[in-house]
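Look for chain A in each of the two complexes below; its partner is chain B in the first and chain C in the second.
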Partner chain A sequence: MKRLRVERWTNQLLTARSGAAGGISCSAPRIRCLAAAARKSLSTAAAESSAPVIDGLDNNPRFPPLEDIPPQAATLPSPLPERALQSAKLAALHARLSLSQKIPLQTLARTLVDASADSHPRFNNTNLAFVGQTLINYHVAEQFMIQYPRLPMEILYAAIKGIAGDTSLYHIAKSWGIESAAAPGGEVDPGFLQYSLENDGDAILFFGSVRTEAKYLDKYKFRRGVSSRVVFDNDFGDRVDEFAQNIEDDEGASGDYGSAATRKRAEKAHANHVRAVVGAIYAHCGRDAVKAFVKAHVLSRKLALDKLFYFSDPTRELATLCAREDFEKPIARLLSETGRLSRTPVFVVGIYSGKDKLGEASAPSLDHARRKAAMNALKAWYLYSPGENARVPSDMLAEDAEKWEPGYIDIGEIITRGGNFRH
Partner chain B sequence: MEATLSRPAASALSCCCRTTSTPRLVPGLIRHQSTKARTKRMLNIPKHESFLNPRPQTNHIIFNPPSSEASVYHTPFKFLPKNDPRRRAQLPQLFATSTTIQYPQPSENANPEELPAAFPPELGTKKYHMTKEDVEEMRRLRLEDPVTNTVTALSQKFGCTPWFVMMCVKSPREHRDQHKAREAAIKAKWGPKRTAAREERARRWAMLFRGEI
Partner chain C sequence: MAVKALKAVSVGRNGLGAFILQCKRIDLHYCDWAGSSKGMNGFIKSLLPKFAAAHPQIEFTVSPRPSKHPVAIGHYINGREKAICVRNMEPYEILKKLELLRDANGEKLKKLSKNVTSINESVRGVWSPYHGNGLQV
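This part shows the complex of A and B:
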């Protein structure tokens, strides 16, 4: 087998250097020279000692010298605000998001510092993220309530979480091209998202109350009904102390991609960055810009609402619905079938109320098809929508808004599910 | 259609298709083909007119979508609220002439004779005939002798559903324990295949209720 000559791999880097006598003898010049450059930025005395190597690199267009970092930077938990003006990454992000010129780069840099990296509230993004989450959750909630007025509360919670929850906002941040620093610190480029994988930070981002019986909820499997979720829990119907609880459970087994806890922390930090950007837009440009931004980046995402439903007894629920709404009793009718005696039969069953068809489904057994058709009928009830262009309450804040016509409000859920849902 | 006339087998098939809307197929109408060639010829139904070559010289757009499941986002007419503009616009009447777009029909337009047969056969209307004394008698019988007075026996005796009996009375604890023990003994005798099949069936129901299948 031919021997690998590692020292020759970087030869092409050395050819362009004219008087590079000092660096040629090192086996991995790039690594050594970068280390030397970093030393230069940290202490001038060290830079003078390795001056010939750096001079050699300065002529190389592929490895421009690192930017000058203020001497005290390494001791700070996050980059200094004035360094934001030198960061190419920040300027690129600002341009990529088409942000207004009113939003300074320093504010954009601040949105990238998580509370777990810098605990000082004047330098991290906690306050901006808090404003941002209220705005995002408000716009998402009003959109769902107007567009799908019959959604049961649990489905509504799941839908808001599916659009504006941590996971969804994490994907938005990733689509913006947000990169994260390996570890937070004053010397890193302010264009990187900075958060710590070891601690959660002490930022309070959600409204909600901790229940008196919080300790026993998991221990004794206490019931956590929808009404109590509305009163006590946050905008997604989750317990406010749930994140810390989950993180404790997930700590431990860590593979190539970190543990479940570190992944959750990364998700939360990315999500808080997106919220902070929305907060920054509100602070500098006002509510109209925020509404347009949320519509473009958050509300534009598609969520398959019909996949969120779970039924335990659809035929009974449909019968209750028909009784409540004064419709005729629902009746299943076999519309067509094929291969009844074969291994793979297909039955198409429709559910009728009087002469109206409410739902239809096909399945390999009569019972499956009947229940599925009832489920489809119920979904068709719950997913009623007045249309794409229904006006939301925040439309009235515009200057030239027309007279408000109240949206449709449903009288309520058919059957209280009593916390059967687990999301 | 002239193509159908020249091929009697195709018309026989379309005849079969029509009869499938009833739950029981009439045996005489099914023509089983004995050879592959005959089956193939029988299944060779003429294409829709819009696929014919040369295409019809028209100015309108041909909309001929493949058959698909109904979407749950299309609200049935009956489920629309009273003040919904779609209810006022009488869209079903506008679409009634369309051959491709099947908009849900309001009840006054549907023809009762065309509705397929109900399944399972319709139960009678609820009688609401049980009195307080009946329920107490039912409870007494069930608690005295749960072996003779089973749920089915009581439901037949009082003319109510088994569900109603189970709502009214719970059998004594020792009877329930015996029943559970007997069930467990039966389950213990199941082999791996039957156990797996049962588990799979339960899982399939759960998937159905989550809308995954």
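This part shows the complex of A and C:
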């Protein structure tokens, strides 16, 4: 069996039991004392017996300690800012993201400390994340509003959430190679993301109000219409108290990969890190750098907008649209078929308004094909785009911006009446 | 009863927008005593500082591994790692191996039969037998 070489262990791993210290040669007990704050709460004897770290490394030049951890580090909730300069992980992350030299490593280290790890707002990333989320959500929202001016509000919410929501930002953080510490603490490398799996932290990151009837929304299934979502809810149309409510339900049964609650907390911490990085870029480099960063990392991701639509009665909605726009009444016509008695019949149906074909689809039954064709026609209407190069309002913030030409604004989504009329 | 929304999450495409190098860490292990580490020791002394300076986005760790062959281990963003034993290699051979680790994406080696893979829809569309004028036989 191999001999354990105690002298080569790093400092923080050498946590001696009381009484076990005599067994290890201890030349210079450098980190003998805990931080003053911790010591005050303990009796002298307890402080002596619980002195956790033994240091025998100073006199071996071949195996210097990996990192010189300040004496009080273990008692702090997050690493000291000055340790950021020694972290290779942090420097590598800075270079990997091609961040400007104006952004110091200390700020990048702060973006990695979640509010659930360190509740002090001067050391965690809450403030940076708040700035970051407003910027990300603004750029994503303006992009969708200009590029797809006819998107219904529900789809717009889903699209913004699909690009800038927690899950998407979690994937961005993962694609940056962010690793998380097993548990937060002052002694861990500042290059690790630090968050707690046990508590949520008290960071307020989203605008929004809690409804007076919030308690009854789930209990009595109160209606939460789009208009009230615009007024009360956050940028994704979600209730601001939704996370806290859901996380309570998800606690409990935890398997190898944690419970649903721990996964959500991990997702939220990673997302807040990405938001904080954007906030840090804004603080040090300004809005142009933020815009370029959001475009490169967030907006460049692919989200299939046409997969977001769920139509309950597409034919009726299309008829309403044609009535509203003074088009002729939509008529479904069979364009071709393989033969109804064939083994796998296929019908190709087009929807026409006068001589204009609005949509077309093929399906194994006539009704299915007609509904699919109506859906395609509606998607073609809703997904109208003025083109990739349409200017967004934030383009006007540039110094030499040309005169603003207003983007296309649609009169609104199609509102179908009740009743049972079919075309 | 207007249109309702389904949930979706965006998909990242590395290199479109921003490019993130997939190799995030390279561990280099050497032995002071063994002859198979001779080249590795020379590499660490002479070539590694320049290579590391040229690749700030990769974290390099150098640590002794006594009585073992020298090894270079690349750690990747997808969570996998790739280890190359560099025993008895010359420093410049080891440099080639490190470049290999740097350029890899960490995935298992696989044969790509298509020249282009994309998650975008085909620009031309998919051929349909139900459209067009058909062919008179």
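FYI, the second predicted complex is superposed on the first by the 348 of 423 C-alpha atoms of A that agree within 3 Å, B and C clash if a C-alpha of one lies under 4 Å from a C-alpha of the other, contacts with A are read in each partner's own complex, and residues count from 1 in each chain.
Note that contacts are C-beta pairs under 8 Å (C-beta built on N, C-alpha and C of every residue); 3 or more make two chains touch, one makes a residue touch a chain.
These numbers come from a predicted model, not from an experiment.
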Chain B versus chain C as contact partner of A:346, first or second or both or neither: second
Which of chain B and chain C A:381 touches, first, second, both or neither: first
Partner chain in contact with A:368 - chain B first, chain C second, else both or neither: first
Partner chain(s) touched by A:267 [first = chain B, second = chain C, both, neither]: neither
Which superposed partner A:88 touches (first chain B, second chain C, both, neither): second
Partner chain in contact with A:336 - chain B first, chain C second, else both or neither: both
Touched partner set for A:312, first chain B, second chain C, both or neither: both
Which superposed partner A:414 touches (first chain B, second chain C, both, neither): second
On chain A, the residue positions that both chain B and chain C contact, one per complex: 307, 309-312, 335-338, 362
Residue numbers on chain A that touch chain B, as the complex places them: 306-307, 309-312, 314, 327, 331-338, 349-350, 352-363, 366, 368, 370-372, 375-377, 379-381, 383-386, 408
List of chain B residues in touch with chain A within their complex: 20-21, 23, 69-70, 72-81, 83-84, 104-107, 110, 112, 115-120, 122, 208-211, 213
Residues of chain A that touch chain C when the two form their complex: 88-89, 91-92, 94-98, 152, 154-155, 157-158, 161-163, 165, 167-168, 171-172, 174-177, 295-297, 299-304, 307-313, 317, 335-338, 346, 348, 362, 378, 382, 413-416
Chain C - residues contacting chain A, complex: 1-14, 16-18, 20-21, 24-25, 56-61, 77, 119-120, 128, 130-131
